[in-house]
Amino acid sequence: MNFASDNWAGASDRVIAALAEAAEKGGPAYGADELTKAVERRFAELFEREVAVFLVGTGTAANALGLAAYGCPGGVVFCHAQAHILVDEAGAAEFNGGVRLVGLAGQRGKLTPQGLTDGLARFPEGVVRHGRPVAVSLSQLSELGAAYGPDEIAALAEVARTRGIALHIDGARFAVAVAALGAKPADLTWRAGVDVLSFGGTKNGCVAAEAVVFFDPSRARDFALTRQRAGHSFSKSWFIAAQFDAYLRDGHWLELARHANAKAARLAAAIEGSAAARLAWVAQGNEVFALIKRQADERLRAGGAIYYPWPTDGLPPEALAGAGEILVRLVTSFKTSDDEVDRFVDVLADAGIV
Amino acid sequence: MNFASDNWAGASDRVIAALAEAAEKGGPAYGADELTKAVERRFAELFEREVAVFLVGTGTAANALGLAAYGCPGGVVFCHAQAHILVDEAGAAEFNGGVRLVGLAGQRGKLTPQGLTDGLARFPEGVVRHGRPVAVSLSQLSELGAAYGPDEIAALAEVARTRGIALHIDGARFAVAVAALGAKPADLTWRAGVDVLSFGGTKNGCVAAEAVVFFDPSRARDFALTRQRAGHSFSKSWFIAAQFDAYLRDGHWLELARHANAKAARLAAAIEGSAAARLAWVAQGNEVFALIKRQADERLRAGGAIYYPWPTDGLPPEALAGAGEILVRLVTSFKTSDDEVDRFVDVLADAGIV
Amino acid sequence: MNFASDNWAGASDRVIAALAEAAEKGGPAYGADELTKAVERRFAELFEREVAVFLVGTGTAANALGLAAYGCPGGVVFCHAQAHILVDEAGAAEFNGGVRLVGLAGQRGKLTPQGLTDGLARFPEGVVRHGRPVAVSLSQLSELGAAYGPDEIAALAEVARTRGIALHIDGARFAVAVAALGAKPADLTWRAGVDVLSFGGTKNGCVAAEAVVFFDPSRARDFALTRQRAGHSFSKSWFIAAQFDAYLRDGHWLELARHANAKAARLAAAIEGSAAARLAWVAQGNEVFALIKRQADERLRAGGAIYYPWPTDGLPPEALAGAGEILVRLVTSFKTSDDEVDRFVDVLADAGIV
Amino acid sequence: MNFASDNWAGASDRVIAALAEAAEKGGPAYGADELTKAVERRFAELFEREVAVFLVGTGTAANALGLAAYGCPGGVVFCHAQAHILVDEAGAAEFNGGVRLVGLAGQRGKLTPQGLTDGLARFPEGVVRHGRPVAVSLSQLSELGAAYGPDEIAALAEVARTRGIALHIDGARFAVAVAALGAKPADLTWRAGVDVLSFGGTKNGCVAAEAVVFFDPSRARDFALTRQRAGHSFSKSWFIAAQFDAYLRDGHWLELARHANAKAARLAAAIEGSAAARLAWVAQGNEVFALIKRQADERLRAGGAIYYPWPTDGLPPEALAGAGEILVRLVTSFKTSDDEVDRFVDVLADAGIV
């Protein structure tokens, strides 16, 4: 009953098999190998256009280095006030990207066109001392389990365009978002006006595989240098390429994501029917936010369930925990089993009876 | 006949098996897992003392972040003029470590106490505008295939101590150096006055596994933050831990290193006896520097041999290529076979007859 | 009728005379001169204790470099959401100080102990990925014209102490705050728990003179290097020292500040009695925040008055502009004359009659 | 008898008078004032073309921020091994400019086209891990008192152009070089292929006045932000503008420089005729490098003369000190008097007799 995070799961068998095969072969260092080239082609197919792709090992690196391509001295990047890049990456975007992050409010972790418009208004053109807006970054899924549809992304892109700033996606959970929305990757990115994407593999079955995808390859001119200087250029970079090769082949990545999403749906349905817990809101993808009665929480933990309580800053009234409740986040993964979900639900049912 | 670099080899079977096993299990994110703790204990045993160990994915990260622990504004780090950190890491130490690198001369890529003394003399105490020496970094093996013995390290440490600067080792090839010298890791590090070591696994059979080892754990206070901010904290960090667990178990790392060294010795012996090539100098470990006749070079490349020509800056006269010769570096690895060496030698023999 | 900002005023005659005298003499470069030493002594007297003092040319440099002394990778500095260091310095603290700024709410630009407590709670000890709190910075005067009394500072220091973080003051308007409060500099700083102060001279009659004052000189160990690396070490640094020497001599700085404050009080009193404007709140020091009727605003500007409209984010309801009003900031300086104030008041009176 | 450095001199009367006048007037903050605009026009006239000019307070800031406009991750800037930016600015170019400095050899502190060609060859195009050359910086005067003529600059620019890197001049002593060469500023800069110049005023009679002059204004797009983020944007920036206004008016800057040069020539001539000293080489501008007999050195210092011994690294044999000699640098300034020179010469003459 491990719902702590999708990065607690191990890795998909196919990913590991590909890694073992690549380890048998070896190859030229620093990305000059065939696997890396094959992966570049896979990304081009996936996104239905030419892209510049760079492989790195962590999502933090992908975000910080991708944003760095748009940075400038005094550069400002807007993101949600609870965005991973602002709250959970210890200043990586500021350090590697040379930018400052400005957090904006928004329901369920999502930015809104109006919020972005207001944020931009605080940085009038030509005023040097406030800094210069250079990008807006959204998380897909958001940090509160919400997915942005193509229209929502396009609406943000339209605001971004009024000031010529870039649109970046932290796609640590891009796969589950694509699976949840049933949308094409191209429609969720460049066709909606996205400039650069952190395409995450780690949380959805890879070991350590993230790709920075530039939809305008001309902006990637310095990226290889940025990555090397940051120490994120792997000598045996085929180890990331091999993961992505297996991950993207035959839609494996979406299979994994659909699995995770199905388990989250099963969990959410059970919570909805439970007397011991209620959904805080209807999340998408592989995250479930629930308000659990304290007694049930104790029983679940005693029974071995693992999950995190979640901060309630900025939540709407209906999502706030009442007396005797706590807000928790439950994350499923490509590896979550029906059995794990059902055991969780059983404890909950028992707790509800009392 | 691939002697390009030891980072072209794949990975050891045991390392891959451990990785597959860990991927099956998964575990808590960001280093809170059991494997990470086990690896920390292995390092303590290996070095016969308490150490603070941090796992990262690249040697560049290990070097830059390790040096950062000793950096200060205007901080200066001495290293050999051909050191990897100066020549091949695109400014990573400067960027991540906030230090400047000052290259010193020295035979076979090795620093000397006198060279370091002279280097320090250019930074008189109390003169702010030159910057402040904070560390000296040596490469073990050196970039020209030489190993530093315990006494040589101790002599450098003695000079470092006169100014209170740290002694850092870039140990990308620490394993082959230990194997070549037959010395204890402790004698090559803290007992000789070393403060921090980049302990490399990648070049000697791992996929991507490097450890920053602090012999004075108190200096590691900020390292977790430094690593996170740099994007080098892996969520599934057990993937590095699993590699090291297998690598260090039962002396596997030294077996791999001895294999590589034995192949280099076989290669060197053959070159010594060849009319088509001669050793530039007697290298240690898994690197051979040879002067090859141009005709032989052409035949070797036509026959499929892969290796790099090497720059001749700062070499002593006897190592300089004569007319019709080129200086090349040949690197063996844990995976190099006798057959590969022998085929190389055969081509060389043929070329020599002509 | 120039109430735009106190940095639009020129410089005090005594300051200029001292500069001219120093220019006649010259002296050793980079702070080894007698004037610099004299100024260091003046600061020690002023603060009734040993201090480490460093002269720089801008307030932004003073703030960013002073905070740098307490920075660490992933370091977090709390400040008011409208703080100059967050809003008006284009990322200087992040860049030079290697820290991230987290804005907190608070009435009239002032931090509160509870606000700081809540801010710290978002960074639980031992959680690496959020970053590590290292300092809290308050502005004296606040950005909305409020002064912190000794007790208020001590209360913030007490919260800071619970987590071992430093207390920094951006004292761009420290002089007018001291004059307004009638407090001793020591009581407003180290006796109340302040660690480091940006002591501003520029806004109160100097040309370009700011001092970073460390109350714990041991924390200033790297400051000379930090300043040099940032390009803020002046070769003819006596040019700053001469300004401070005149500024601090015989209480000249407080005379200048009292003058500015008196003019602000005269202005505030007139506004209080006006039908065309009202005070937004009772400011201290040399700033007046007023809600002016639009018609009066037009007449004032037509008559040559210069001042800035002010953003209304986060203001309490009573300070919000009604229909037909705008919020403006009026700043007086050491050079503001009664005549300037009276002309402003006259236009206002005329506008009010209509 | 102060020949320590030209930054020990005070400031020119005209410069101080202009500063006093500006201090009387005051004006809009952050460079929106009339004086700043006037100075921009003066620079355009001086260089006979449109330029983008930015005022800062120190030469280190001018160099570091000017180079930052050409920086990129892993960016490499070539300069002389004894260049001020490499040796005397505590890493400012690395920190603010995000570049690494690579020192090249060359007689009398001057770069040569061949040296630059060789330096560039160490960074083959497309090799990421070495970093990317972005600029070459020369010092005018060089650190060893030599001036680059227009042809020499053009020859370096030609090499720079082969790789598309920028040509930067550290013109801390640009005035004395212009005066010594009798060349037009345009011929020594953009007409010879220079991209950006640190135009120094401080060493030649200003208090603190340096200008970054971009000959391609499009490269200055981010400079205002770069300067603000670095804390080098002065609120009362008319204080620098006023200095330059007086400095550039009616050729005052060249008068000051010619004075300094004439005193250096007088000093050099006396040394040439002395038995107690000899010229190390024929320097240009306001610097004299001499080999002084130790006995004479003692007498001079006893008599109150102030000057620095100079390092002898990389000097040609004829400039090396013999037994009983030391190499010293003697710098004259706009303020050096005939009397100071003559007293120095008298002591030398006395010492020579013995």
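We call the chains A, B, C and D, going by the order they appear; numbering starts again at 1 in every chain.
Everything that follows uses one rule, which is that a contact is a pair of C-beta atoms (placed from the backbone, for glycine too) under 8 Å apart; a residue touches a chain by one contact, two chains touch by 3 or more.
Computed from a prediction, not measured in an experiment: that's the story for all the values here.
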Practice task
Would you identify the chain whose Cα-based centre sits farthest away from the centre of subunit B?
Solution key: C
Handout entry: Shared interface numbering between subunit B and subunit A [over half = same, under half = different]
Key = same
Problem - Distance between chain centroids, defined by C-alpha means - subunit B, subunit C (Å) - result: 51
Handout entry: Geometric centre distance via CA averages, subunit D-subunit C, whole Å
Key = 35
Completion exercise
Distance in whole angstrom between the CA centres of subunit A and subunit C is 41
Fill in the blank from the handout: Residue ranges of subunit B touching at least 2 other chains are 73-75, 89-91, 95, 128-129, 131, 225, 228-230, 233
Handout entry: Touch list for subunit B against partner subunit D, complex
Key = 73-76, 87-91, 94-95, 98-101, 122, 128-131, 311, 313
Problem - Of all residues in subunit C, those that touch subunit B in their complex - result: 30, 68, 72-75, 128-129, 131-132, 222, 224-226, 228-230, 233
Fill in the blank from the handout: Within the complex, subunit D is touched by subunit C residues 4-5, 7-11, 15-16, 19-20, 22-29, 56-61, 63-65, 89-92, 95-96, 202-203, 207-208, 225, 228-236, 239, 335
